[in-house]
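Take a look at the structures below.
Each of the next two complexes has chain A plus one other chain: chain B in the first, chain C in the second.
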Partner chain A sequence: MNKIINDIRETARQLLAEGKVDVVIGYEKGSLPLKATPCFVHSPESVDLLIWDETCENNLAGYLAKTPGKKAIVAKGCDSRALAVLLQENQLVRDDLYIIGVSCHGVIDQRKIGAEVGEILEASINDGKISVKGMEGDKEYLFTELKDATCQTCRYPNPVIEDLHIGETIEVAQEAPAFADVTEMENKSNSERQEYFKEQMSKCIRCYACRNACPLCYCQECFVDCNSPKWLTGGVNRAENLFFQAGRVLHLAGRCVDCGACTRACPQGVDIRALNRKMTKDVYVMFNHESGISEEGKPALNEYSANDPEEQFLVKE
Partner chain B sequence: MGEIQVEAENKKYEPKIAAFLCNWCSYAGADLAGVGRVQYPATIRTIRVPCSGRINPLYVLKAMANGADGVLVSGCHPGDCHYISGNYVARRKFALIKSLLNHVGLEEDRISFSWVSAAEGIRFAEVVKGVTERVSALGPNNGIFKVDDGGAADE
Partner chain C sequence: MKISKEKFGQAFDALVAEYQIIAPVSDANGIAFKGVKSFSEVKQDYLNSKLPPKAFFFPQHEKLMSYKKEGKDVSVKSELKVENTVLFGIRPCDAKGMQLLDMVFKNDQYTDPYYYERREKSVIIGVACNKIAPTCFCSSFGISPAGSEGSDLLLIDLGDSYDVEMITEKGKALAARFEALSELSADEQALVDKIKSAVTPSKVDVSNTTSKLDKMFNSPFWDTLQEKCIGCNVCSFSCPTCHCFDISEEVRKNEGTRVRTWDACMAPLFTLHGSGHNPRDQKKARWRQRLMHKFNYFVHNNGAMACVGCGRCIKSCPVNMDIRQVIDGANKAELVVE
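So, the complex of A and B:
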């Protein structure tokens, strides 16, 4: 039995038995192979449902505000950053929260497997090796081959805020964030980029799975659902899809913690992350700000400095 | 019939530009331009907002979606905001709006931001002239946000 899972279960059992929390939010085995699903444990008897592995891809931070009472949450690095942003924005009460921090080596990108072996029928994870039985064939992968794009450049595998840490921490070289993906995109010509995003937006079916998966999309009424003013007609077409995605990304500018939940939730494989990453880079370069790295502070767009750059956007005279 | 066609061909393309002007500076600047009878192209459709900090990125997107050929946003110079810090907050937002929209392939000159004070009537006219020239050069908006295009054209 994996020691981390054991410790998570033991901690959850204690917290629930002592009545310190009403619910522990973690992961349980999902009904599909290689998919964990969020799990809400209310009694000490059911803590054995909880698991921890490379399939725990959901960002659980989004469930907290919707869950009443005192709660404990199993948080990886990016979950904890989302928690930090939610705390900065007064969406959560710190005293009602018990954060069980777990260092994360990254999660599996299912799309990579699906593209090669079709629908996944069976899968097992052993020692960093993942054997998959698919509709169109079997294959064995190394975990490093399947790591989600956002996990490959992750600089915060260890939770930034936590009440208890389980397992070992992961060493990271604390270098400045790298934005190779954004730079590559920026170096393309205007029309190439336009073509790329046109193609991406034609795929979008506006199911809003990205919005629902996002821990920081918590507006009571999303602008896409608003009737007055009616920002969007509700019809699905490329122009309105881009309106939606651009509007959402601008709402998340300076807040997005790059957990990749939106991109993994997308059933159409839209490259939503390309937009979010661009904003993350701009916020870092222009305002020297990284979102959700501590409980203190404010999101980038809630503050200002007299020296903020303006040459790039002011009209040329 | 022939005459009408000739007339239509001769008629110079005039862009429609949605101009979001802050109540305290740029709107007053535009007013001063009017009072002083300073001439500038009749291409802007003025929308008065209480402060440039009131600009929601969705305003800009919606204007483009509804077929505006360009968007001009103008507020008080940094440091002169009637509400002390509205335009400082707006400044960060504007930088990101401009950057994101260029990134997804919108022409750079479609969206313009400027600071115009209540005393700068002549400068306001210059800004509008400049923006009109650049938007005219781009031609009508059939861009990536325009909804009636709908993206159906290239499918």
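So, the complex of A and C:
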């Protein structure tokens, strides 16, 4: 068995046996091929359910505030960044957390497979190769071909906060964030861009999977659920859908950690990330801020300083 | 009896003059039921649509009526608009789903005019499944991939032709327009028999689930079941039998509309009272409701389970909550002596 999985299980076993935590939140094998599912382990006897591979696509950080007691979490880079923001925003008590950090090479984007071989009947992952048996045919992929778009631009594959690191760390080139995808979108004409988002927004069914999968969408009352004032109707059309999606993105300004959980959760394949990425770029350009890269600091829009680049933003008395 | 696809296509195209026709088409996001004007637009080789066809009778967001106040006068207008509709290519699971929705929207206590008028003016042409997806488990509920329940006509795809089975009077009336119907050859009959005898490889045992759930209201099963659920509405919105809704007013100054919008038991807001009290304030209570409603309450009220095994919720769930495993878990859960 893979050493990382073994170490995760042993760590979980110890933490639970010694009573240091009440629950370990990680991943187990899902019911569908190439699908892992979040797993809550409460006793040392069940730790062998835990797995780790390229199918562990959910961001687990969102579960923590809703889970009582002391908890351990298996965290990849993006989960840890979400934890950092949650800690900065006082949503979690650090002492109640044990972060089992694992470096991540990225997760699989299943949609690419489905489009080519239909429903997946069986699949296996071996040495960076993914063999898929589908209803419309079989195919072997290299992991790099199936890597989720988010993971392709990921700068933080290693957890930014952790209590224990399992496995190797991944070398990352020290360079400024690249936003080629955003630039491409910015270079489109207004009408092209409008067409693109019209199509994307017409797919949205307002199931709120994006919001609920997001580790940082934790408002007690989401603006879409508020009926006094009623910001938007339940109407499922492009305009209302865009209002929801754009509103959500703006609420995540300076907070979004670009984990891609929203886009992966969307059952309709809406390119939610296109909006998030533009906002992430703007925050970087305006505030030189990347969200959740350490436990210290605050989200970009929570910081007020006399040195703000915007003149007269705060004036010293 | 069979009809060649060419002849069927001609009959289909001729229906356009009298009916709105809804059929499976291929779009950017997979298969969807949409309005079509010609048989050539219809996707024939498909498993099933991403979203169920229920929205044609029970729209996600529907105007019930509109009203306006002018001085002391108040006018109220019905917003019910109904067209004669043919739904083509409905899979047996979804056709059965319509029958289950009928029990909710038309029963001895209440008839919902919005749903019922549309349903009355529609004809459902079911098409049997030649291929079965790994997430299909309709056989668990006694539904066959070639089942005819809920369809007015059932077609079985034989390649160049369809086997035509007339299920209801409505179906017969529509089939009267088909020309050049002929008998099946022995080979074709054998193919029809093979398709009809197919069962889904995936099955879940629901034989004792209802009676087991009778005793599970206070089971610790719900505590762990709900942990990974993120509480979105994907499963409900993609379910052919989920039918919960919210009614609200969309008002601007002196005019407004009363609308009905899909809601879901997974949403905390669904049961939030005006007083602030929420009888299902925890996710575990909401999950209990979801399972109980489908496999217990609905059975007690209507004599059938409110699941048709289409597998959409399994495919679309962001955290891979698999209803088959949930049922299996309930079947196996230890009972707590109260």
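By our rule, the second predicted complex is superposed on the first by the 303 of 317 C-alpha atoms of A that agree within 3 Å, B and C clash if a C-alpha of one lies under 4 Å from a C-alpha of the other, contacts with A are read in each partner's own complex, and residues count from 1 in each chain.
Here, a residue touches a chain if its C-beta (ideal position, glycine included) is under 8 Å from a C-beta of that chain, and two chains touch if they have at least 3 such contacts.
No experiment lies behind these values; they were computed from the predicted model shown.
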Which of chain B and chain C A:Arg238 touches, first, second, both or neither: first
Of chain B and chain C, which one touches more of chain A's residues? B
For A:Ala209, is the partner it touches chain B (first), chain C (second), both, or none of the two (neither)? second
Which holds for A:Ala265: it touches chain B only (first), chain C only (second), both, or neither? second
Which partner does A:Gln312 contact after superposing on A: first (chain B), second (chain C), both, neither? first
Taking the superposition on A as described, I'd like to know which of chain B and chain C A:Val93 touches: first, second, both or neither. neither
Per the contact definition in the header, classify A:Cys219: touching chain B only (first), chain C only (second), both, or neither. neither
Both chain B and chain C touch chain A; at which residues? 233, 235
For chain A, which residues count as touching chain B in their complex? 185-186, 190-191, 193-198, 201-202, 223, 229, 231, 233, 235, 237-243, 246-247, 249-251, 253-254, 275, 278-279, 282-283, 286-287, 300-302, 304-306, 308-310, 312-317
Listed in rising order, the residues of chain B that touch chain A in the complex are 57-58, 61-62, 65, 72, 78-79, 85, 88-89, 91-108, 112-115, 123, 126-127, 130-131, 144-147, 149-152, 154-155
In the complex with chain A, residue positions of chain C that touch it: 28-29, 47, 50-51, 60-61, 131, 133-135, 224, 227-228, 230-234, 237-238, 246, 248, 250, 259, 261-262, 267, 269, 314-316, 318-322, 324-325
Using the touch rule from the top, collect the residues of chain A that touch chain C in their complex. 30-32, 35-40, 42, 58, 62-63, 67, 118-121, 135, 199, 203, 205-209, 211-213, 225, 227, 230, 233-236, 264-265, 267-269
